[in-house]
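I have placed the structure first, in the form of structure tokens, so that the comments after it can refer back to it.
Labels run A, B and C following the written order; every chain starts at residue 1.
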Amino acid sequence: MAQEMALSDAKIVVVAVGRDHYDYLPLLHLRGKILIDVSNNTERRKGPHYRSNAEYLQGLVPEGKVVKGFNVLSAYALENGGLQGSKEVFISGDHQDAKVVVSDLVRAMGFHPVDWGALQAARDIEDVPLRLMPSWKRPVAVVFGTFLFLWILAFISFQICYNLRLGGWDWGWKHLGMQNFNRVIAICAIWTLSFCYIPGLIAAYIQLWRGTKYSRFPNWLDDWLKMRKQLGLLMLGLAAMHACISAASISPQTTSWVYEEPTVVKALISVDANTSKTDTVKIYNNEFNWRGELFLTMGAVATCLLVVLGISSLPSVTATLSWREFTFIQSKLGWVALVVASAHDIFLAWNYMFLYWGCFNTLPIGPQYALYPPFIAVIMKIPLLLPPVDNYLQKIRKGYERNSKYETGKVEHA
Amino acid sequence: MAQEMALSDAKIVVVAVGRDHYDYLPLLHLRGKILIDVSNNTERRKGPHYRSNAEYLQGLVPEGKVVKGFNVLSAYALENGGLQGSKEVFISGDHQDAKVVVSDLVRAMGFHPVDWGALQAARDIEDVPLRLMPSWKRPVAVVFGTFLFLWILAFISFQICYNLRLGGWDWGWKHLGMQNFNRVIAICAIWTLSFCYIPGLIAAYIQLWRGTKYSRFPNWLDDWLKMRKQLGLLMLGLAAMHACISAASISPQTTSWVYEEPTVVKALISVDANTSKTDTVKIYNNEFNWRGELFLTMGAVATCLLVVLGISSLPSVTATLSWREFTFIQSKLGWVALVVASAHDIFLAWNYMFLYWGCFNTLPIGPQYALYPPFIAVIMKIPLLLPPVDNYLQKIRKGYERNSKYETGKVEHA
Amino acid sequence: MAQEMALSDAKIVVVAVGRDHYDYLPLLHLRGKILIDVSNNTERRKGPHYRSNAEYLQGLVPEGKVVKGFNVLSAYALENGGLQGSKEVFISGDHQDAKVVVSDLVRAMGFHPVDWGALQAARDIEDVPLRLMPSWKRPVAVVFGTFLFLWILAFISFQICYNLRLGGWDWGWKHLGMQNFNRVIAICAIWTLSFCYIPGLIAAYIQLWRGTKYSRFPNWLDDWLKMRKQLGLLMLGLAAMHACISAASISPQTTSWVYEEPTVVKALISVDANTSKTDTVKIYNNEFNWRGELFLTMGAVATCLLVVLGISSLPSVTATLSWREFTFIQSKLGWVALVVASAHDIFLAWNYMFLYWGCFNTLPIGPQYALYPPFIAVIMKIPLLLPPVDNYLQKIRKGYERNSKYETGKVEHA
């Protein structure tokens, strides 16, 4: 009774019960009222005949005006304060007047209403809280797959080959903890950085080939183009970790190529308290050679450029940049970072870049295969930098069509 | 006269004089006008009978429509350009129509009006410019207190005990400059990270114990829950500083536990230009042992995870995340960071974690007491991960009440 | 015909052709319609008689209502999705009703309209896409100029002088790759940080001298004050790069001043496989001396403070701070960072700060001239901290004028 009396005065009713209990609602008393369906599901329920909770409720109360909304906010956080995350509230409904009322309510509560259209959109809105960074799934899979592939390669080089050659099993196991990991994330970072630029190059060649920008790219390329931002940020994480580990661990014992030669002395070595023997000892030199100096500078410059790229990807920074400025940073600075990171790798293995093989002279070494994707990207980029090709591509991107029957080339918008 | 003529035409009058000079205003000519009180105080004046400047002005001109506003902007910066900081202008007043006019004015000037309600709210608005990051006071005090406590502990271990044991006073004083500081901030960081998770655990146990979420937490717990973000950011600062110092200073001379054994040689040492003596010299080995490799990797991984947590706390990044995504990052990634940071500590002192005492066998050593709070957090967390307990807690958080007379468990919102 | 029929029903016409083809437009059919001119130019065309494309179009169709707009968005990105950068669309026009319609259209497309006023403003709007971070040009030039100047100084010290003194040309060339670069960016960073504070000090002295804040600063000072933020961010980049390189490369071989003395031993050195000779070898000690410990701590603290300054400059973080909080961080923390960075420099060259000259006793050494600008800033700052001077300056900044005929000192706004 109390429930019904309360309802009789209300204009808006928030339906905060589970779908299974909609039948128990005093349906008659809900007629003519605005019903806000705030329910969520615990799993995605999909199928051709699936109807969202909000649609189901509308079916039960045809004379009510159901509006889906508020389900993307945490009820727990709303009650306990300290709600964080997006302030957007997605709403949908078939009654425009009801949506206006609910929108005002949303705004009055300090949130931003976003209209997703007809009530049917509630199917998607109800799925939103079940989503967990969907745009990250695929890029994480790509980077993790690349990491795994490179980790296995490194394992073959550093553990299997090395031990077979030395005929022992005492070397290298401990390096799984850091040295292997550090090399693998370094190579994975430069590969991933290349993967950010290769799809744009493929797109350019497709446009040049087809002579128009008015034809869709294949789906795989579309997907690839869309994950560049996430790939870039994952790459930044790998590069930062590589920089941390390397700065703390680099030494002539582990990265001898970039240091001056050690001094070898003959000395009486204490084996234990009572025994000693005369043997040679290497006294390492912590000074970099000229390649090491350039290697380190290139590494630091690349890291800083990548951090600038990352900062420009922060939503509030992006919002202050015009698209031309954003493109300048992401494209020009990114390419410079790729070239500088490649130089970092080349100076590391200066004497071993060509005609040198590891693993019983069969496999390329890490600093070599690290460069394969950047090399592909650069090789693909160079022809596009030639003025005639560049001009032709710009013309296509402004709307020119090679096989068009209409006169073209007039449109001059950005 | 000029003043009064100017006033006769004005609809809005900005009152930009100090409270002490309100009496000199041409009060009669202000009747019926919208008066914007932009004044500020130089100190907080509070008391049961205190009235804000705006209320005092309204008392002097009862027929005027006083609106408090604009006092949170810097007049100096407004004049000289380059105003930075929040674009929000807080307004309050008892005349709705006047507030609408002032709101439009605020918007026209490129700021965002925020209505704080009745004119009485001017008491709070006038205090705003005197505030200096109030939400940071308490967390800074907590972290600084923790730092001081740990610094004294470290001083006892490294300066007092060590010197008493060696019977000398020549060791350790110089280490106050960096080594002590670095160890203390490392331990302070992991303690503070634990402090971010312990209050949530206590809250969960209180909810389980009471069988409901509909009862307020004690005030101390509420305050603690509210300062988690600030604690987390201060912790990130400490962790970053520890990473910087450690990356630059780690060496077998200072952190021997994580490096391979040095080679001890007998050699003829030059004491000065003319004298030399035969003695043993340690030739240190810059290669990490297996524990050191894992120690360093764990440190770098923890640092990067904490940076990701920090980035997700940036307002513009938070705004792009749903509460579920935000909670996932802050909670899941944060716990992983805590566990990885603990592993970083354990690998450092692998052989000294148990049954080892410092300071005349009386005190635990740094890497041991570093783990006390994370250990408490993990011990409290484990029962909550058991499916029956977890399900029961989720049920409570969805609205279930153990001692309720109503049928419950129906509500299924987020 | 199809074109004209399509036009007859349209209320809004988007004119997306180049200026050169406006004559071909069916001008008669455009009368009375809202014409959105989205065109861009490929270069800035300026002159006393220059009219923007939109004004030219309005001249051709006097009965149309031309609104400039959308030209700042990338047409290519709009088509292909994934538009990034600012969401602001600048519009201008002489017909208020037409601008309202276009503003609604902009909002409906998910962008934010910003009204730049009369159609004449199209001259500036058409230049927007040709701009590339104009506020960065000058600061980049200043920092690059400073870098070049310091680089030449370092070249004279480390390459020319050093080699002349040693009478050989084998030292130092390799250090151009990193050591020189690292020293130069370190000095450049601390100079640039000083350049962020010196203009504010000059402004204060001008205000004290003139006894009023109501007189314009000279143009060069105005420009300098406006580039402080950019200078600060460039400085942060230099400081971060210096921190990266130094953390990875610091060693007693290269930065002996901050390490304990090496042990010099006489040993039998292997020159090649068959030859050896007895000579002295330095066995370096990786432990810092007391100056080194403070040097490193100061460096890490300064870096972290500068990063906090950088984070507070992120638009979304700035927006959460009141101007008092923002000023506190940028001014107080910045000054602390400047002092700490100076201490970092002083502890490095503790024994060589005074009465020591490099380069045939003629030139100051790097750590000395690094301190010149911070020293000037501190010397200028100290008098301003004296309470009478500070109070007087605050009084002036609140509106007091020394030579004013009006009674002053009343205004008490922020």
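One rule holds in what follows: contacts are C-beta pairs under 8 Å (C-beta built on N, C-alpha and C of every residue); 3 or more make two chains touch, one makes a residue touch a chain.
If you want to know which protein each chain is, UniProt gives these names: A, B, C = Metalloreductase steap3.
Note that the structure is a prediction, hence the values are computed from the model and not measured.
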Cα superposition of subunit B onto its copy subunit C, rotation angle rounded to the nearest 5 degrees, comes out at 120
Shared interface numbers for subunit A and subunit C above half of all numbers used, same, or below, different?
-> different
The distance between the C-alpha centres of subunit A and subunit C, rounded to whole Å, is 28
For subunit A, residues contacting two or more additional chains = 247-248, 267, 283, 314-317, 319
Of all residues in subunit C, those that touch subunit A in their complex = 16-21, 38-42, 71-77, 79-87, 128-129, 131-133, 173-179, 181-182, 237, 240-241, 244-245, 247-249, 251-254, 267-270, 276, 281, 283-284, 314-317, 319
What residues on subunit A touch subunit C, complex-wise?
-> 213, 225-226, 243, 246-248, 250, 263-267, 280, 283, 285-290, 292-294, 296-297, 299-301, 303-304, 307-308, 311, 314-328, 330, 397, 410-414
